[in-house]
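Following are the structures in question.
Shared chain: subunit A. Partners: subunit B in the first complex, subunit C in the second.
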Partner chain A sequence: MAQFLQVLLSGLATGSIYALAAVGFSLVWQAAQAVNFAQGEFVMLPAFLVLIGEHWLHWPLWAALLFGFALSILLLGLAFKRLIVQPFGPDGGLPLVIATMALSILLKEAVKTFYGAEAEPFPSLLPNGTFHVGGAVVSVRDVLNLLAALAVVLLLTLFLDRTKTGRQMQAAAQNPGVAEILGVDVARMTLYAFLLNAALAAVASFLITPVYLAKFSNGESLGIVAFIAAIIGGFNRIRGALVGGLLIGVLDNLTATYVTLSYRAALPLVLLIAVILWRPQGLLGDEEARIV
Partner chain B sequence: MRGHREAIGVAVVVAALIVAPLGQGNYIAYLLCSWLMLAIAAMGLNLTLGYAGRISLAQASFIGIGAYATSIVTLAHYPWVLGMAVGVVLCFVVGLLLGFPALRVRGHYLAFVTLAFNSLFFLVARNEDWLTGGTYGLSGMPRPRIGPVSTSGQLAFYYFTLAVALLAAVVLRLIVRSPWGRAFKALRENEVRAESLGLDVRRLTLLAFAIGSAYGGLAGAIEAPLVQYIDPGSFDVVQSLSLLLMVVVGGLGEFWGPVLGSAVAVLLPEALRVTAAYYLMLYAIAVILLMTRCPGGLIGLARRIAARPARRRGAAVS
Partner chain C sequence: MLELSDIRAGYADVQILNGVDLALRPATITTVIGPNGAGKSTLFRAIFGLIRVRSGSIRFGAEEITNEKPARLLARGIAYVPQGRNVVARLSVRHNLELGAVTLADQSLVAPRIEAVMDRFPALRQHQARKAGDLSGGQQKLLEIARALLLDPKLLLIDEPSIGLSPNLVRDVFKVLQGLRDAGVTVLMVEQNTKAALAISDDGLVLELGRARMHAPAAQLLADPAVGRLFLGAAIEG
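Right, the complex of A and B next:
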């Protein structure tokens, strides 16, 4: 029981970080119909931007973090939209998918060439240590990671549902034509979705990199997990992506501990295929796409 | 007129391919073999995606199935032809099964189902040591003998690969030009209309997957004796994505697109060797620029350039 609790909690902690990437992924998908195959690299890069601030520019950690966050939003939000997604117009289709694949190669290679191919330690922002709950050893970092990720998603949901800008974003994603007529600045709302995605990716990066070290290839598996989480939960809902991310984190950990280590990665894949074939709108998605 | 020009073009390219490796050393012959091998796989993907409009991100797993089948059969001292046949038939059948999801879902969803299939294949290849050698893979596959002639030399194997690739291209050409090929295109353009014209959409979708996958298997049957070492990492999702890249960069739904796209992916690194570490970055930037400027790929770009003077001439006449 104690072991189960431990496994469950560390699964939730990793899952909540998958969820951040998955939520950003569905935001961009809804706002611009763009499947971003570089999403994993979007989570890999911000950590390296912080390391650049820390080691190349010799800034204190807080300044480096701020620098990494701001630059991430500039590069992965603004530049990504302007330079890569926008030229394709409203329906990029397969060529846009290919362009994001090329972007993922570019980001990986750039980090490998200009920063290094080795795994780099990344400063932990959260206290280490453990405490005991009913015989289970619980890592403080796991709990704080989970809470931080949940708080971010909660704030995002509140923003989208309760603020004027958030509701305009939903309208712009759901029906750009009508939203435009009603006076919503659709182009600006789409830009916000890209900026939010970049911010979420940066937060995910800062939370996950202390656990796994910073490495140029970190995005490879992460990107695919984010897709799977978004699809399993329901492409058209923020909460869906959150549940999808948590579910995958927990299932992955439970399979590895209790069933099979060598096939631990298989369960999310099988789940993905089953969901797509029998419930393509996702576990939490509506039949009729309610967007954002 | 156009067909005539194309025939001359093909004859020139084939002649060039026959002379290309002469006096160039083993490495060039090896490189050309990898290109032709990938071109076969990309041609198959182009049939599924470019002609029939059904995306597959599992082509690398079919190269894998073909390569493992060929390796296992030839390592047991049976002839290559048998291994190739087992691989191709196996891919045809598995491809047919993978086609079933395509009857239910489209676009991005289908992409993720096939991507998941590729990841599952990778896990099986890595974990089932008794069959695939696990992470250590299989090695020492013999090269095929044709009658008394052995292809163990790099040059001999190159001509063998060239012959297989040409044969594969001819067969694909026949398929594309046949009523099936036209039906595939009808499927891509407008499924409802295709169905109302009496086409069996279900059977066509499954066939598009099965034939495209069989081409992956054939490529694998070449890869096993070419590299003489295979491991699960050679057939992971990243490989499938790079095959998709080749097909779209070459020109989706264009017969010669995959051949060109795979040439760029395999031969360009050699040409850009001076740029060393920057090569992949340059390649990625080139792909992004090409896609944003010309979604039709390299063939589309060539068409656009070729059409430009004609349009000007047309304008002058009017």
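Right, the complex of A and C next:
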């Protein structure tokens, strides 16, 4: 029981990082029908931007973090939209998919070439200790990671549901033609979705990298997991992506502990197939809202 | 009020409107009739800045508004209710109404105006917390009209409001339009339900092959045997 609790919690902690990536993925999909196959690298890169601030520019950690966050928003939000997504027009289709795959390779190789192929330690923003709950050893960092990620997603959904700008974003994503005739600035709302995705990726990066070290290949499985988490959750549902991410994190840890380590990588795919067979609209999606 | 001269517009390399002239009298209802594909909806899209006007000019009052964007036109007092379903299905009725007022300069007016349109359409008040997509087709159309009224428009462009509505609801919608006209709003409407629409209209416009064929008082169009034969279903007696 104690071990189960431990495994469950660290699964939720990893899953919450998947969830951040999946939620951002789903935002960009909803706003621009763009499937971002570089999403994993979007989570890998911000940590390196912070390391550049720290080690190359010799800035204090807080300044490096700020720099990494701002540059992430600029590169992964604004530049991604303007230079990669926009040129393919409103319905990017397959060419855009290929472009984001190419971007994923480019980001990975750029980090490897210019920063290095070795795993780099990344400063932890959260305390490192453990505490005991009913015999289980619980990592403080896992708990705080989970809480931080949940808080970010909660804030995001509050923003989307409770503010006028958030609802304009929803209108622009669900029905851009209607949004336009009401005078909503659809292009601006789409940009906001890209900026929010970049912010989510940066937060995920800062939370996860202290655990796994900064490495150019960190995004490899994460991108696929985010994609699958978003589909499992219902693709165009923020809460669905959250649930999908957490579910994969937990099941991943449970199989690794209780079944076998060797099938671990296949688990998200198995989950995906199961959902497609039994609930094709996703766990939290509904029939009407399903676009793909 | 609204004045079009020699408007040409279309899609990609097809031109649909081949020089439309039209001048609306203020505080009137004008119904556009014409066969399917004549370019009625295209005319509205061109006026509302959704497709580019290739040549000609559109004036609203004393101002040139050709090819202005919707947000700008809304601010000038022109609202548009397109053909078909146009609600944001997953937002609540109330939030759909709010969206109608995003371009309103004075946001403190939004809440009282929502109250006012809900007084006019009590069904919307009753369902204000429901998702707009869960309303019946008729209620959705009322919601769209109510949403268009939030900016207190001077000119309302409304494209086939009666499609999919029960006869009772059609009568309600027409009453609303007459009420608006009586309050000084100018209405330009496209309607398949031509006889009933012309009956509440002041003027009528026959659009054919992208040109205005006839622009006359509605009563005159209703009495015209050629119009009757072509557009009003059965022949009109007399």
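One rule holds in what follows: the second predicted complex is superposed on the first by the 287 of 292 C-alpha atoms of A that agree within 3 Å, B and C clash if a C-alpha of one lies under 4 Å from a C-alpha of the other, contacts with A are read in each partner's own complex, and residues count from 1 in each chain.
Please note the rule applied: a contact is a pair of C-beta atoms (placed from the backbone, for glycine too) under 8 Å apart; a residue touches a chain by one contact, two chains touch by 3 or more.
Predicted, not measured: the structure shown is a model, and the values here were computed from it.
> Could you tell me if A:94 is touching subunit B, subunit C, both of them or neither one (first, second, both, neither)?
first
> In this superposition, which partner touches a larger number of subunit A residues, subunit B or subunit C?
The larger set of subunit A residues in touch belongs to B.
> Considering only touches as defined above, state whether A:180 meets subunit B (first), subunit C (second), both or neither.
In the superposition, A:180 contacts subunit C only.
> Touch test for A:167: subunit B only (first), subunit C only (second), both, or neither?
It touches subunit C, and subunit B stays clear.
> Which residues of subunit A touch subunit B in the complex?
By the definition above, subunit A touches subunit B via 35, 37, 84, 87-88, 93-99, 101-103, 105-106, 109-110, 112-113, 220, 224, 227-228, 231, 262-263, 265-266, 269-270, 272-273, 276-277, 280.
> Can you list the residues on subunit C that touch subunit A in the complex?
Residues in contact with subunit A: 48, 50, 70-71, 74-75, 80, 82, 86-91, 95, 98-100, 102-103, 133, 147.
> Looking at the complex, which residues from subunit A come into contact with subunit C?
Answer in residue numbers: 164, 167-168, 170-171, 174-175, 177-185, 288-289.
> Mind pulling up the subunit B residues that touch subunit A in the complex?
Answer in residue numbers: 55, 101, 104-105, 108-109, 111-113, 115-117, 119-120, 123, 126-127, 237-238, 241, 244-245, 248-249, 252, 277-278, 280-281, 283-285, 287-288, 291-293, 295.
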